[in-house]
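Each chain carries a letter (A, B, C, D and E) given by its place in the written order, and its residues are counted from 1.
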Amino acid sequence: MTNTALHQPPADTAPMLEMIDVHKWFGEFHVLRGINLTVHAKERIVICGPSGSGKSTLIRCINRLEEHQRGRIIVNGIELTHNIKNIEKIRSEVGMVFQHFNLFPHLTVLDNLTLGPIWVRKIPRKQAEEMAMYYLEKVHIADQARKYPGQLSGGQQQRVAIARSLCMNPKVMLFDEPTSALDPEMIKEVLDVMIELAQEGMTMLVVTHEMGFARSVAHRVLFMDGGRVVEENTPEEFFSNPKHERTRLFLSQILH
Amino acid sequence: MDSSQTVASRPFHPKEPFWLDPRFRALLFQALVLGAVALLAWYLMANTIANLQRQKIATGFAFLEKEAAFEIGESVISYSAADTYARALFVGALNTVKVAAIGIGLTVVLGTFIGIARLSSNWLIARLAAVYIEVMQDVPVLLQLFFWYALFYEMLPGPRQALNPMIGVYVCNRGLIVPSLNPHPAWRWMILAFTAAMVASWLLRAWARRRQDRTGRPFPVFRTSLVLVLGAPLVTWWAFGFPRAVTLPELQGFNFVGGKTLSPEFSALLLGLVLYTAAFVAEIVRAGIQAVGKGQREAAMSLGLRPAQVLRLVILPQALRVIIPPLTSQMLNLTKNSSLAVAIGYPDFVSVANTTINQTGQSIEGVALIMAVYLFFSLSTSAFMNWYNKKARLVER
Amino acid sequence: GTLDEVKARGYLIAGVNGQVFGFSMPDEKGEWKGLDVDTARAIAAAIFGDASKIKFVPLTAVQRLPALQSKEVDVLCRNTTQTLLRETTNGLNFTHVNFYDGQGFMVPKKLGVKSAKELNGATVCVLPGTTTELNAADFFRKNNLQWKPVVIEQTPELNKAFFSGRCDVLTSDVSQLAGHRAVAPNPQDYIILPEVISKEPLAPVVRHGDDQWFDIVNWTVMALIQAEEFGITSKNVDAMLKSQDPEIQRFLGVTPGLGAALGLDDKWAYNIVKQVGNYGEIFERNVGPQTPLAMERGLNALWTKGGLMYAAPFR
Amino acid sequence: MSGFERTMSPRPSQTPDDLKPPVTTVGPLGWLRKNLFNTPLNAVLTGLTLFFLWKTVLPFFRWAFVDAVWVGPSNLCRQSEGACWSVISQNIRFILFGFYPYDQQWRPITAMLLLLGLVFFSRDRKFWTKTLACAWIVGLGAMGTLMAGGLFGLPPVESTQWGGLPLTLLLAVFGLTAAYPLGVLLALGRQSRLPAVKLLCVVYIELIRGVPLISLLFMASIIFPLFLPAGITINKILRAQVAIILFTAAYIAEVVRGGLQAIPKGQYEAAESLGLNYYLTMRLVVLPQALKIVIPPTVSILISAFKDTSLVVIIALYDVLKTTQTVLSNPEWMGFSREAYLFLAILYFAGCFSMSHAGRRLERQLSTNRQEGG
Amino acid sequence: MTNTALHQPPADTAPMLEMIDVHKWFGEFHVLRGINLTVHAKERIVICGPSGSGKSTLIRCINRLEEHQRGRIIVNGIELTHNIKNIEKIRSEVGMVFQHFNLFPHLTVLDNLTLGPIWVRKIPRKQAEEMAMYYLEKVHIADQARKYPGQLSGGQQQRVAIARSLCMNPKVMLFDEPTSALDPEMIKEVLDVMIELAQEGMTMLVVTHEMGFARSVAHRVLFMDGGRVVEENTPEEFFSNPKHERTRLFLSQILH
């Protein structure tokens, strides 16, 4: 892995994702307070910030697991509205990896992977399975294809979850703290897979506190606090020379 | 190693006193327990035999072959007072099966419905469902049966003033009376067509799955099956020229003649059992659905699956694993509770057996029969459960 | 024997029906009322000289015979029909009949039915497990009539079912029909059909094999009848003590002997009449024309008045 | 939707701090929208439900309260359109106390108040002390004495004369207290390593759970007398009580077994290696943990046992359901079943609901306890 | 702590524990294949070996948590037979500490400690509590006496478990991987307590993979494989100069 290759800023293409003045409330509680964000294809963004700052909510708004109440979200040229067709389209173009893996326990690893392709993309099973095996190999876990999720370790499960998203050939991948439910030795195997993915040029939005990952992979680091993007910076600048007091405080807690 | 010499010099006791041996104690204890139980059984048997002889009560099941000499209000098969006790009991058992089977079907439907309503995002509906569940669970089912039965005959008019909501349909305190179809070959063909359509749907499902595996194109199995299952009998009906001669129930003398009657006893029993058990089923369904984490739905949704697919492919298979075991035991409870029919005059097995005991005085045989029949139900249920658990476990691990 | 057990216990235990108005049923204070109840009280009065030394155990049709056989109750005063099989195979003895009954049918007047033969197609409410159920089945079979039984074990439920129109016909012993009619919201709307399809001599029941106890119960019932024949009532019984009639003197124990023969106090009959009254009084009080049941004496009149009530001589 | 049209042209957010959430999402309006009208389907359902409630609750309210006759003779009721609550008020003493001597009915009242008080003080785990246990023992004794009499100058009252609510409560309370230890024993037996003991317990539990309660009640009422040697009888109430105990015990056994299975093997081993024998291991280590785990399912068994006592009407015991039916078979009160049964339903509901409420509360307390202490 | 003091071989007393040709089968599976072992009072033995080699089984046979099927086991002069009096006697003289602590979660720490003394030794509660406090102080945890096990960390729990065994005044203490369920920082606090115990002259049999502990505390190290004691040696020899190929292989894996 060459760090430099990873840090080349992406070619200036049409934005893959645009968020324009996005607001969201939970009841009276103002969670997202005017988010503006443009992500181009092949760009990799890391989002960090204290707990409760709205990181998960932001990311979940992008594939409509939460509904935003003001502003616009446009993914790959399609705007997220109440139009159910659009929502489904966007969801099938956006992959999401959760903190708790959320694999389907009643299906084998292989069936977990082929579920989306078969039912959403309407791909023949054989082909879907081939593709699934391809991605399983990519996450170094092809030998576990016939097992059930319950029989795998946390790290293996999370890699299966990543492969499951990849099987849908997403344009963007969203990660919500993909390693925070894992034991230390497993964190590495998952991060390795994510770095490989980055090398292949996937557009990624990653909520994480793994600062090593941010440093080596991200094009931009966003720091959120109180529902706002407080600081947006390159990783070098962000870690060495944070602009905001709040960021500095946060970093001092994280990087002991 | 070198320790053998040290041991040789040490005195030891190869033969321990046997009464200090836990194995011996275990055997002794078991023998004592079994002995006590056997003794008790023998004592009761001896008393019973002595009492039976003293009171000159007949024993054995010979009475089953005798003429019952009593009538039974409703029966699935033909029965008259001239038939044997055995047949009377069989009629009772069939009646139990009838009310249990229909009750189970309705309970599952209603319970699922209320369980889902309990989880509704509509506050009003969720509250109403919660109130329903709480109230129904906290009132004895026997009291509910009495209540519904009383409601039926106290509120509904007599046959001469019967409500007539539709032509040929009467509601009165004799029950719900509907027209019956006149015999016609078309009916048999329609049933045949229906069965054929069912089989066809099943085959279609297998075919559609194979085709989807091959080409990826899904097939609207459910809708097609629905059309098939409903359409095939209709087409058959049409082919026979829509025979629709029916016998309208008619008030003749005391009662309606012709037509089919759903008696108040049956209806009250069914209603009571279904409303009561549905409350428990609703809780089970709710728990089952809630047992599938929110994350599962979100993960499925973010794959782009449509809500119906999320339900069918992800939620239901998991929820059912949680739901089915307690659901089965509720079904069994419903069957056992149907024995309360005896209190409101529906001739179920217990009711017929009770009359038999009364007539013959052979209470031991009668109660033994009751127990045997219900044991049969519950043992077959637990056999099913074992089979299912084995299967479900296979899926999980 | 049973007498000693009862005396040692200090009270009598009588099995009753508990659900038939006029024969045995608790009132709103929980006091037992009825002809069967009073018959049982008379036995207590005979034994203890105190009609209140008695406990009642309500029994269903299925329970009644086992309860007596297992000595749960000393005597069964529960409108039980005397039959050959019951006397023999169940090991019971029926004492003197305290009510002559027969099974009949009751229908609402507005049906316009005059005879049981017109009941083709009727829905019939019937108590299960009784001779009634069998008699009804026999009757309809014999006359080739269609019918539909509704059998409910709980008498109140059965009554309610009939009066609210669930059945066209209620069949039971005529006395009970009267009882049931009496409890109807509008008794005058119902008639009891003339056919009596069976003989139902109702008598207190005791176990086989205790002759002294049988005698006591048997003669208590007869004492009730005899008192009426003598014209002794609870009101005039004290005056009657001074009667010069030797038969009455013997009966009331003024001349000792009879009580001792039964193993009872010589005042036993006096106590019965004093505390419970004679048969006529009991009848009038519980089921007679003044009561909601409004029954005529009919078969239950004294033999001297054309009925069947006949006591053997007290000597 | 309109919200989106308004924001079609992106404007930079100037003062998002003062920004209020869209009015339709907060406040009473937001609540209504979120909870009742969040989708068109829900809006329709809400409308239908409200209409249904309007059509049912209102007439019911009129019937039950406005037009109701609360006291007074039955002919008053027959003229009225509403509910006839006087079927209860005129017969309340027979319904509640059955044959209990009329002038002695203060005794069951006192006993029931005593029971209520004890239950009230047992509702919270805070009060679960030795004193309370003693209070229960003394209380149950006092209740027995009050009901049966024969001591302290109270005239004795045979148990055959107990009826109504005290009988229901008696069957429930004694049924449960006796079934519990028996159920625990059966559960231990079913877990036993001794095959004979295990077999016996399995057969017993499965047999009992496989048959309806009324078959056991029939057995108690008509077959049981045959089991006893000639001349020995057991009171009918006691026999029904035994049937209820035997029945409930089998269900309790299954619940307790669940708790026993949840105790890790290490606990047994640790106890064993301290030198505790089987009895002490069970008493000091396993059962305290297992019984705590199974409190929630136990409560639901207690509730169903309480409801099941109503089945004794079928064998002619005068519990509160039977006394009510007796009142209803009185000509004066015939035809008022709805009111009478509703009254009973409320009675049972109150009992069961407070039990399940207490159970949930206990469960909550225990689960917090477990976090800090278990 | 002086290593030399610890390594003084114990005075040659009567053997505290003898195992003579002990065999055990689980069904068809031969777990212990002729174990011969003599432990003298105050001796400290460490047992190690690969997983599944029968270490736990060996130790559990000593206080009859498992039943051996051939050979003899004699503890402090009492032979383990089917005589329950003997079994009870031996159990009360042998303390056992488990991998998963197995404290009684429904009892306070203090009650955990006094349970055995009160019910088995029949000591008055007051006296038992005094003794319990004494041992709690010994394991440096006296301030936690009123808490419930669930409120303690793993290391604290294991120390309570040790104190619970000590309260029975055992002649021998058996430890079955007492630290393997602990986080690294807690391992030390437990090992420290065990070393103190060793210094006081407790006879100990310890199954552990903590080679540091073995080196500094044990008089003898036993290496088990396939149900047999393959090598028995002093710690010095064992680590520096293992005799068997199998031992060497194992050590190379353990001491990375």
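Just so it is clear, a contact is a pair of C-beta atoms (placed from the backbone, for glycine too) under 8 Å apart; a residue touches a chain by one contact, two chains touch by 3 or more.
Please read these numbers as outputs of a predicted model, since none were measured by experiment.
*Asks:* Count the smallest number of chain-to-chain hops linking chain B with chain E, moving only between touching chains.
*Replies:* Between chain B and chain E, the shortest chain-hopping route counts 1.
*Asks:* Which chains lie in contact with each of chain A and chain B?
*Replies:* D
*Asks:* Measuring between mean CA coordinates, which chain is farthest from chain C?
*Replies:* A
*Asks:* Return the chain label for which the distance between chain Cα mean and whole-protein Cα mean is smallest.
*Replies:* Closest to the centre of all protein C-alpha atoms: chain D.
*Asks:* Can you tell me the C-alpha superposition angle of chain A onto chain E, nearest 5°?
*Replies:* About 165 degrees, rounded to the nearest 5.
*Asks:* Compute the distance, rounded to whole Å, between the mean C-alpha positions of chain B and chain D.
*Replies:* Here chain B and chain D have centroids separated by 24 Å.
*Asks:* Using mean CA coordinates as chain centres, what's the chain D-chain E distance in Å?
*Replies:* Here chain D and chain E have centroids separated by 50 Å.
*Asks:* So how far apart, in whole Å, are chain A and chain E when each is placed at the average of its C-alpha atoms?
*Replies:* 49
*Asks:* Among the residues of chain A, which ones contact at least 2 other chains?
*Replies:* none
*Asks:* Among all residues of chain C, which ones touch two or more of the remaining chains?
*Replies:* In chain C, residues 62, 66, 69-70, 153-154, 157, 160, 164 touch at least two other chains, as defined above.
*Asks:* When you check chain D against every other chain, which residues touch at least two of them?
*Replies:* In chain D, residues 218, 222-223, 225-226, 228, 230, 313-314, 325, 335, 337 touch at least two other chains, as defined above.
*Asks:* With touch defined as at the top, which chains are paired up in contact here?
*Replies:* Result for touching pairs of chains: A-B, A-D, B-C, B-D, B-E, C-D, D-E.
*Asks:* Which bits of chain C are touching chain B when the two form their complex?
*Replies:* Against chain B, chain C makes touches at 61-62, 65-66, 69-70, 88-91, 111, 119-123, 128-130, 133-134, 136-138, 140-141, 147-154, 157-158, 160-161, 164-166, 168.
*Asks:* Please name which positions on chain B make contact with chain C in the complex.
*Replies:* Spelled out, the residues of chain B in touch with chain C are 51, 54-58, 69-74, 80-82, 146, 149-150, 152-154, 157-159, 173-174, 252-255, 257, 264-265, 342-345, 347, 351, 354-355, 357-359, 361, 363.
*Asks:* Considering the complex alone, what residue numbers of chain D touch chain E?
*Replies:* For this pair, the touching residues of chain D are 264, 266-267, 269-277, 280, 284-285, 288-289, 292, 370-374.
*Asks:* Within their complex, state which residues of chain B touch chain A.
*Replies:* Spelled out, the residues of chain B in touch with chain A are 212-218, 293, 295-296, 298-306, 309, 313-314, 317-318, 321, 395-397.
*Asks:* Per the contact definition, I'd like the list of chain B residues that touch chain E in the complex.
*Replies:* 1-4, 6-7, 10, 12-13, 16-17, 20-25
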